[in-house]
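In this document, chain identifiers A, B and C correspond to the written order of the chains, with residue numbering beginning at 1 in each.
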Amino acid sequence: MTSGNTASGAQPGRVWKKPPFIANPWIRYGLVAITLAYLYWAFSTLPFDWQRIAEGLPRAGKIFGGAFPPSFERGGLLWTGFKESFQIAFLATMLGVLLSVPIAVMAARNVAPLPVYILGRTLIIVSRSFHPVIVAILFVAAVGFGPMAGILTLTLYSIGFVAKLLAEEIEEIDWGQVEAMRSVGAGYMKILVYGVFPQIMPRQIGLSMYQLDSNLRASAVVGIVGAGGIGGTLMNAFGRYDYDFAFAILLMIIAIILVSEGLSGWVRKKVW
Amino acid sequence: MLEITNLVKRYGQNEPVLKGLNLKVEGSSVVSIVGASGAGKSTLLRCINRLVEPTSGSIKLNGHELVNLRGSDLRHSRRRIGMVFQGFNLIDRLTVMENVLSGRLGYVSFFQALTRRFPQSDIDRAFSLMERVGIAHYADKRADQLSGGERQRVAVVRALMQEPEILLADEPTASLDPKTSQQIMSLLQSLASEMSLPVLINIHNVTQARMYTDRIVGMRHGQMIFDGEPKDFNQDALDAIYGGIESPEEDAGEPASPTEEASA
Amino acid sequence: MVDHAAKLTDRVWSRYDRKEQLTRYAVYLATLIAVVWAVRDIDIFWPWVWDAPNQIQSLGARMWPPEFSKWSAIFSAMLETVHIATLSTMLTIFIALPVSYIAAQNTTPNKITLWIGRFILVSSRSVNTIIWALLFVAIFGPGVLAGILAVMFRSVGFIGKLMGEAIEEIDRRPVEAMEATGASKMKVVLYAIVPQVMPAFFAIIILRWDINIRESTVLGLVGAGGIGVLLQGSIDMFAWQTVATILLAIVVLVILGEALTSVLRKKVI
């Protein structure tokens, strides 16, 4: 009866408003106020050098003018730079992935005893807490300029990523397979090889390929702080205002990253 | 001979799940353990091969105490005890043959296990067992490509590869359709007699327990309340085991059993 | 019964058939060759490698104990870092949303816009934040503006790609229902698409903000503002104990950021 009434529109002029996204008006307007206040605070405290920024547009013109056409003349430098980047990325991936397996086992609560688990987690947290570029400067400071620092950096970077995800994968395995292996009388290592590794293998290969791809990207970057590879070449080109050469390097980086992304995606699809 | 005396198991500080259980299995008989969900059937089986640590009591297999074994002694005892699981627990990503051979893991070295270099005698044994249960042609298929019944056959063969002195089966047919589950039960029955192997089967289906096993043990609340031959397992025993427990799975199966009894 | 059957056959079994075996060996061999080539060819002075553990240890020793006298400068540099991350994430939204709209197959107006959208996403993602920073420092000089722009230019690709995927995964039926009412394109977007991608949107923004915090800590190494400027300065002056303090501050910031994002994520979802 009542519903019939409303449907026939007996009461004219009823208002309807979309219920607000956040129900509590205090929180709603509070959030808006906080956002505005934050923007004001941030912009007013940040040191913008407006005069220097104003020179930006003409400079940008000059830079892009200088960048075209990109110069591939110094092919030798390009080749050695990229080769070194690739070597760094590849070796770091191999090392990192190899080390990740035991660390992942250590950091998986279901297969590691508590003290070992804590050690494994700590290793992962330590290797994840810094941006690879920061790690790279520290290694450059410790072991000197060159690809060695790059390899160390990216190995740590790989461990942080691969071991963490692998450990999570191990924690989610089907425990029945492990129990089956325990019930046939297999020891710890055999249980790992039969009951655990087959289950995480596709993930492991996928992660390794993904990590190779990430390491290739990162290897271009760690070079900027002196850890070897094409990044150093790029940094120098910028420093010497060789914008056409810098642009050529950038184009190459983009091309290589696209190829490597495609390849790693393809391999990951193949393994399942 | 399996001899369980005064077995107690409690999880954490809860009420004990097994309350001083005694059970003796002699010769090569097929024993079924029936009871409602939560009665402690799985716990009992898992105590035997120590996937679960018993709280107290004694479990002797052929005179050999199992309860306080550790490390390699425990593993050596485990390889003498085959186990078949409800969910098959195959290693999905490995082939049928690898799964079958994994039953030998207690015997081969780590290097052999890693490189899959199993002794020829194991491979021969694997093939003949697989032929016996009719899965030899699947040897190189991946385990996750098989049907439920085939997977359970693989699991049975894996357990038999251990050259077990006893076989434990925890609801081996609960994930299978009725026809396949009958096949698996009769397979277990005939394997037991062929290999003169004692078999302990947890089972929900009372009809199948009667049909395929030599002895029925009824459990309720962690205690044994029936132990006898299938012909003695009557309505009273059934009521004692399941009575007053509302459990939807059993409700479907139970009404069928009295009629089955009449026809059998 | 097992034994007499076994006598009849002496069968072989191996894990892989011939072709698989060959492929495996080929992959192993290729990997091995690549490793050997890389190790021999790379420009590394091996005696230094064996000395590396000592060097790392001695650097660690020089950093100990952390020295806190510069704490106020470090604190304000950390604030600057957070500002760079937050502002650039906020600003990115305005660019990334339209880009994701034209880069999603089901919403893009036509083929050309689709390719423009994809081109923007790919070029943004392929150039690392710090390389973007290098470019913007060259244009606008050292400072926070270069940092904000660098983080924005990299984030557009990230947010745009994930949002584009979210748009491509929406349920088509509400869209059809709205079109059937005769609504215009923008109204369809507002009523049928926006509600569906809202959760994904928040999740992506929060995720990227977390990433941007980390990225902002290194911008300063090429002069683009934030804590990195101070870090580079302290390293150049061999003030290793101050470096240790800065590293600690970064860890604290990253942990705080992670804690905050996980709270936000729970609130939103």
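Observations on the model:
By definition in this document, a residue touches a chain if its C-beta (ideal position, glycine included) is under 8 Å from a C-beta of that chain, and two chains touch if they have at least 3 such contacts.
The structure displayed is predicted, hence computed values, not measured ones.
Arrangement of the chains shown, judged by which pairs touch: all-to-all, with no pair of chains left without contact.
Pairs A-C and B-C differ in how many C-beta pairs touch across them, and the larger number is found at A-C.
If you average the Cα atoms of subunit A and of subunit B, the two centres end up 48 Å apart. If each chain is reduced to the centroid of its CA atoms, subunit A and subunit C end up 4 Å from each other.
Averaging C-alpha coordinates per chain places the centre of subunit B 50 Å away from that of subunit C. Among the residues of subunit B, those touching two or more other chains are numbered 98. Within the complex formed with subunit B, the subunit A residues making contact are 174, 176-177, 179-187, 189-190, 193-195, 198-199, 201-202. Of all the residues in subunit C, the ones that touch subunit A in their complex are 31, 34-35, 38-39, 41-45, 48-49, 51-52, 55-56, 58-59, 79-80, 83, 86-87, 90, 122-123, 126-128, 130-131, 134-135, 138-141, 143-145, 214-215, 217-218, 221-222, 228, 231-232, 235, 247, 250-251, 254-255. For subunit A in complex with subunit C, the residues that touch the partner chain are 38-39, 42-43, 45-49, 52-53, 55-56, 59-60, 63, 83-84, 86-88, 90-91, 94, 129-131, 133-134, 137-139, 141-144, 146-148, 152, 217-218, 220-221, 224-225, 228, 234-235, 238, 250, 253-254, 257-258. The touching residues of subunit C, when paired with subunit B in their complex, are 1-2, 5-6, 9-15, 17. Residues 49, 51, 72, 75-83, 85, 87-94, 98, 102-106, 110, 113-114, 155, 158-159, 161-162 of subunit B touch subunit A in their complex.
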